[in-house]
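Listed after this line are the structures, all set down as structure tokens.
In the two complexes that follow, chain A is the common piece, with chain B as its partner first and chain C second.
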Partner chain A sequence: MTLVNSAATQVPHRVSFKAPNRLVHHPWARFALRRGGGFLLSFAILVVVTFLIVPLLPGDPAVVAAGEGATQEQIAQTREALGLEQPLLVQFWQYLVGIFTLDMGYSFASGTTVTAAVFSRLPFTAEIALLAVAAMLVVSIPLGMGVAIVTRGGRNAWVDHVFNALTSLVYAVPNYVLATLMIYVLAIRLGWFPAGGAATLDALVLPTVAIMLGPACVIARVVRREAVTILEQDYVRTARGWRLSPWRVNLRYVFPNLLTTTLTLSGLILAGMLGGAVVIETVFGWPGLGKGVVDAIIMRDYPVIRGIVLLLGVLATLLIIVVDVILAIVDPRNLGGSAHD
Partner chain B sequence: MTEARRPLLRPGLLIGLILFAVAVATAIIAPPLVADAANTLTDNRHQPPSGGSWLGTNAFGQDNVARVLVATRLTLIMTVIASAISVVLGVVVGVSIWLAPGRVREWCLRILESAVAYPTLITALIIAAVLLPGATTAVIAMGVAGIPGFARVTANLAQQVSNSDYFITARFLGVPARRLATRHMIPAMAEPLLILSTTVFATTLVEISALSFVGLGVQVPQYDLGSLLNDSLDALYTQPIEAVGPAIMIVLMSVAAMFVGDGLAANANPRAARAWVPRRPQAQAAAALATGDEALVRVRDLRVAGSKDGERLELVHGIDLHIDRAEILGIVGESGSGKSLTAMSIAGLAADDLDVQGAELRVGTMNMLGTPAPAELAQTISIIYQDPGTTFSPSLKMGAQLTEVLRTHMGRGRAEARRIMVGALASVGVTLPEKRMRQYPYELSGGMRQRAMIASAVVTEPALMIADEPTTALDVTVQVDVLRQFRRLRDENGTAILFISHDIGVVQELCDRVLVMRRGEVVEELRPEQIRSREVSHPYTRSLLDAVPVLSAAGAAHVREED
Partner chain C sequence: MTTTPTAAPPRRSLPGRRRAAGIAAAPVALALLASGCTTGGGGSGAGGDGEYSTDTIRTAMIADPNSFSPLNASGVSAYNVSSMLYGTLLYQDEDNTTTGGLASEYELDPNGGTLTIREGATCADGTEITPTVVADSLQAFVENSRQKEIVFGPGAPSFTPDDAAGTLSIELEQPWADMERGLTLSETGIVCPAGLEDLEATAAGEVEGAFSGAYTLANNQPGVSIDFELREEGFTFPEYSTPAEGAPAKNVNFAIIADYNAMANGLLTDTLDYATLVGESMHRVAGEEGFETSIYPATAMFVMFNEREGMPLADPEKRRAVAQAISREAFNDAATDGDGEVLSSYVPTEVACAYTGDLPIQQDAEAAAEVLEGESLKMIGTQATGPNGAGNSYISQALGEAGAEVDLRNVDNTTWATELDSKPEGWDLTIMNLLNLSRTQYGGLSQFTGSAPEDGGRNSTGAQRAEVIEKVNEAMAEPDEAARCAIYEEIQTGLLEDAAIVPLSTLPAQPTTAEGFSIRQFNGTVSLMSMRITA
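Let's turn to the complex of A and B:
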């Protein structure tokens, strides 16, 4: 090891220039500023839109909200409950104050506070959405990577065809059709799972599968395309040049570099799953936010509609931010503008 | 079988169009014919399937097949109108945003961005909450909910178009904004927008049916496919056959839209489908190992072939070469001459889609046409690549990558491997080696990364080092130093080096012997003195020599730190 041990080539180095350590120059601070600003913008839009739901009701909002066949007295009560007798700007101010004090009035249907009605449903939707995303990643990443590895360099072309056909087809089946099918086969005929409700733990299985299967197909295809690109990268060749085993190359050199794209898309898909939850929760009678908002619209329970839509919107926006933070931790270059170059 | 012309209709597109035509025909023809069976209340409730009614009857004694056929019309009409709203207004919004002045555009794009992240179905729910459930509401809700998504893809496409030369020209010529949009931008985007429209159609179909399915779309007495499926849910225990009709119809139309979209996309972008060439069994040349061959590397009749348009295309045409121990062999040639392919074939790292054959391909005692043991390979051959910017994985720290061979193949522990590597980094002039080990590749300069690469190549004390244009991506001052490292490696460790370069000046300084390659063949073999004195015979070599200025004497002062 003669060469390695001769330290004759050591030379003093220049101290590299560093940006002054002011707060806004720190990449995480800039990141927080930008993302925080984006969140505030989205939140402001959400507040305005949810507020407008009631004033925009056709005709006299109080009459519509009170429902068909309501008495004059009921209409008057509704008018008061929604604060409709006041000028629009005052209404908006009260709505805004209500949001920040978590006092958004009472549900027309159940009489409980909106806050209670909304937050009692949140855990159910969170449970199902997070489980679905986890299941989706567990299925789609190995599948997409596997197909990319097996078919690289044009080998095993049939695997590619089968994979493409299958993912396209499954994706083309709407989740509620899939849910109906699963309820019939797995719940009614085979009795393996409950057909609905949230009484037992295994009631989670069918809704989760119904929500994640379509998105899993999309992600699997994304992972495959991404893996094909990464497999052609120089650093994969370098790792192969070190004669690492295929497993080690794929796990250490291909997989981590897939994560950026995959996680970005998964965040978007998770936000989309909140929409999927609306349908699937209704099919399975799952007492989450989705079923809550559908029931509220049918019953014209406007305070609850506003509350749930606002919460769903905030969740969707926060998810995107959470994904960005995870991405920045996985690979600091995602902070946008690193201090080093 | 290369095909110059492609079929006008690909099979997928054809299938999609046929399915779609069936659905449209059903929607037009069926309702008047079967309206009675679909809507008249009878006493034949929950009848099982029979010759008269294939899917039985529902709770009101109405024929299930007839109801599906009638419902298809409403679903199709609703979907078409809602998609049209999304697409037309989406294009208008997208193009307007792009034509707007810079600041406005920025803000609009940001708002659009957050709107797109918001689930369309929930946007649709807000609208349904305001307008009260019904068929018209469902159409407006889905139509409006789809606008942001389409506006964004339009804005993205518009950006691509506005960067094109002819658009910039038109702008400079002072074409007014509206004319710019209608005459230049929209036509240029027409094809991708059409393809994206089929996606919008599929999504709208699925989600508008979803609205009806959860009870917020079409209301009784009207019915569409979604509400039929919802009705069937109540009867799933008693009359499950009722779900079959609407389920099949929704899936059929969704699949049709998918086929049409994919087909159009394939027509628009006819990427030559990667032809599948069966790999030939590799020639087993193990028996041909010449006995008493002193050379470290022996290559005879090396042929490397790829495939283009399904046909075998030979890229290296039977090369012979040898490298002695402690010899530095240079290969020069322009890009595409096959020099890198040759080097990578010797390393056993040719790309997967290449076919490597030869009468002999030997490194040490290893037959590179077979499958030598990974540990022996890793310790015998080290490789240094051209672009240090891409040769390390961006998501692993340098230390983890540099110590791979030590830990995997040489049985060193983590700490010991790090210690050895730090020493190696220092010896090739990497500053702050301890710190570098903890840094990510992008935190190092190109020169530092390439030195690190060399250090990792050196620690195994390889018999052969293959350097594929190792200095091309570096500053001239760094180049000189890197070249010096190679010379030292050979002098002190007795490592043979295969040095690939397009720079004949660099090669003559470093190498003991030089091969000139062109179009997959070796055209000339030279000694460095011959290059220096320009005693070359092949005209191609002469042109290479004329192309580079003569390098001044070696031993120039090196500048160590370039950042």
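Let's turn to the complex of A and C:
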């Protein structure tokens, strides 16, 4: 038994109920059922909400779809062609069929299929969000752990003060301000990176840094706080008593116990980045989904709004499930309930 | 022609950048793989043709085009795309003249005329562009395009091709002197037979054989980029009176960038070679070393009134009072930071026959107050009229100072367009921010004369102004330009005296090219066909 497990035994396992069916009784099966049910419920809500976007937003979609300079007659023809005069229930049924056949119609703005309009942006969003989260973890975990180790037991209090001040400062600066500063200094003045666009690999650097700095500060502070607590645990003291090297103690017995909180937060941050990087995407001219949905809202491109919101919702829900699965693998106690519960 | 040696170094090759990026990207290679590795090389310094440092122009457009077919193009992006992919019979040239495109020779008058189709012109699939091909495309334009009336007037034109002689005759049902200018519009681009067979696929850009222009569509990623490739043969560039210097690009890559400041950043950091900037972003590159800029009026702004029966501003005295309350200079400061040009008409000064004299109704705050005191007015405006609708706010404030109680609604473009025509009871005045790419008098007039939207027209004011329509018809039948301009001047001064509109200012745009590239504008519109690599 490892020391991690010995620590785990200090917390009682959740009570498990006996079920007549063995499969359902299996913790992973129950986990899958619970998460699957949650996903279906979220998906159903998403479908209803995205459907209601069109009738609830002001402005006539037919005016947009008919284009500039269309006469009232042409707008009426467009409205009929789009099926906007049919009863809501009929429209909803057609919407449902479209979702399950991946035929969600055409973008009013670009005339391309919604599937093409949405999936052309998805790789850019995935690229920057995954890169930002990876960079965030690479920076924040060592930083938070390092500060906790260096300041353990009240030593080197000044490091703690500097760390707190710096992370607070960076987190407090809005990311668009950071982005603008980086563009001015690193792109325009020094010419080290392009200021935007997505044509070259180095164009990824500035938006990634701009988007990850704030969350990295949060994660670093959480890691530091968690690490301080873990470093005072009996099993860590025992490991030190065995004369294990500090590296081994920290990597083998401290680091794994930080993962639950860190991964949970990172999953939520990643889900937020998928659709929430609008400002950064705007500043850097990055063709992601966040900017896509805002542009679609401005242009009343309803089919694309529906497509992107639905996709982002599904992706966020799936991400949280993936994080739960990872957490359950890392620590099977999480099978009893999500870290998000 | 300016040339550089073959061995000229590529523009700003920065290996250090890529190394740094590579190091940063290494830990997340999986993420890149998972996302399909969207980024790639290209752009700066890519493959010279031996004469210039590059064969590619990297530029940007503000939004996706609504269509890849000129027949249903709507908005600047679609016009740009059409002009790349489809050749027009004529092109605009200096001093409001036209020059040949797919038509090598032409004789036109207000009643029609004859055009000789250029020998050797072919579609992208090799089909010869004959007079019949052109006639079929123009007929499809008449049947499908919303610009039909701007080009051919209200009647039905007839097209008679003579393939043996290589000519196309056009006969108009009603004289329309604007036809010559109309045939330069990118919406009249010739769609080849393969495109006419499947209009839906053509609109999606999926029919390569549809293209008759200098470029073909190489790649389209909605919301991301559109790339064009120069054809090898069978195309023509406009024969400008002053030929364009430099070489046309073999590849033109448009990034979709929905923010003008991001475009300016792209120019300043060498990721774009050309972009048209609007608003404060113009000042960021104007005067900077290594850039060439010019200004053109992107739109003309003027106050338009709801003159339907029972509406307060159906009363000409009240409209005149509104005109007296407004300072065009103050509006220009609010809406364009003073960068626009104060107007005396509903069209910019670059448009043929534009009135540029003094306004018959001058600003007179006291006289305005006598009429407007206590008047309740509903104003609707788009947020695009200056930063966050600042132009609307100025007009509202000016009327408020004259004693009117103004209920201003600053809304987005779609809501504005919807409510202007479908809720005529909901507004009394608005600011029209008119694109008018045809750069014709009629392009402006059709917004506030003729049939109302409820009767199938475009005139949102509800006042038909039959006398103006009569004079327009008279002007359209007049072959002599000076005489035509005299009629248009009469029309403009008459409308100004009646306060049918109140001219405000232009919204300027700034085509900006980096060193080594050039583009030209004619009569207040930028011509993508004049885009060249010069070094």
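To be clear about the criterion, the second predicted complex is superposed on the first by the 293 of 341 C-alpha atoms of A that agree within 3 Å, B and C clash if a C-alpha of one lies under 4 Å from a C-alpha of the other, contacts with A are read in each partner's own complex, and residues count from 1 in each chain.
We take it that a contact is a pair of C-beta atoms (placed from the backbone, for glycine too) under 8 Å apart; a residue touches a chain by one contact, two chains touch by 3 or more.
This structure is a prediction, so every number in the text was calculated from the model and none was measured.
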One more residue to check, A:L213. First (chain B), second (chain C), both or neither? neither
If you stack the two complexes on chain A, which partner ends up touching A:P58: first (chain B), second (chain C), both, or neither? both
Touched partner set for A:L181, first chain B, second chain C, both or neither: first
Contacts of A:L143 with chain B and chain C, given as first, second, both or neither: neither
Is A:I269 touching anything from chain B or chain C once the two structures are fitted on A? First, second, both or neither. neither
Should A:G241 be classified as contacting the first partner (chain B), the second (chain C), both, or neither? first
Taking the superposition on A as described, I'd like to know which of chain B and chain C A:I298 touches: first, second, both or neither. both
Who does A:V205 touch here: chain B (first), chain C (second), both, or neither? second
Residues of chain A touched, compared between chain B and chain C (which is higher): B
Kindly classify A:G154 by the partners it touches after superposition: chain B alone (first), chain C alone (second), both, or neither? first
Common interface residues of chain A with chain B and chain C? 58, 64, 183, 188, 195, 282-283, 298
For a test of understanding, state which residues of chain C touch chain A in their complex under the given definition. 12, 14, 16-18, 20-22, 24-25, 27-28, 31-32, 34-36, 38-43, 58, 60, 63-68, 72, 74-75, 146-147, 203-204, 220-225, 253, 255-259, 261-263, 265-266, 268-272, 411-415, 417-418, 421-422, 435, 453-454, 456-458
The answer for chain A against chain B in the complex is residues 1-7, 9-11, 13-14, 16, 38, 41-42, 45, 49-50, 52-53, 56-58, 64, 152-155, 157, 168-169, 171-174, 176-177, 180-181, 183-184, 188, 195, 233-245, 248, 252-253, 256-257, 259, 268, 271-276, 278-279, 282-283, 293-294, 296-298, 302, 305, 309, 312-313, 316-317, 320, 330-333, 338, 340-341
Where on chain B does chain A make contact in their complex? 110-111, 114-115, 117-122, 125-126, 128-133, 202, 206, 209-210, 213-216, 229, 232-233, 236-237, 240, 243, 247, 250-251, 254-255, 258, 262, 274-277, 279, 307, 347, 349, 351-354, 374-375, 377-378, 382-383, 385, 387, 390-396, 400-401, 404-405, 408-409, 420, 423-424, 426-429, 431-432, 440, 442-443, 458-459, 461, 488-489, 492-493, 560-561, 563
Once bound in the complex, which stretches of chain A touch chain C? 58-60, 63-64, 67-74, 107-112, 116-117, 120-121, 123-124, 126-127, 130-131, 134-135, 138, 183, 187-188, 191-205, 208, 282-285, 287, 291-292, 295, 298-300
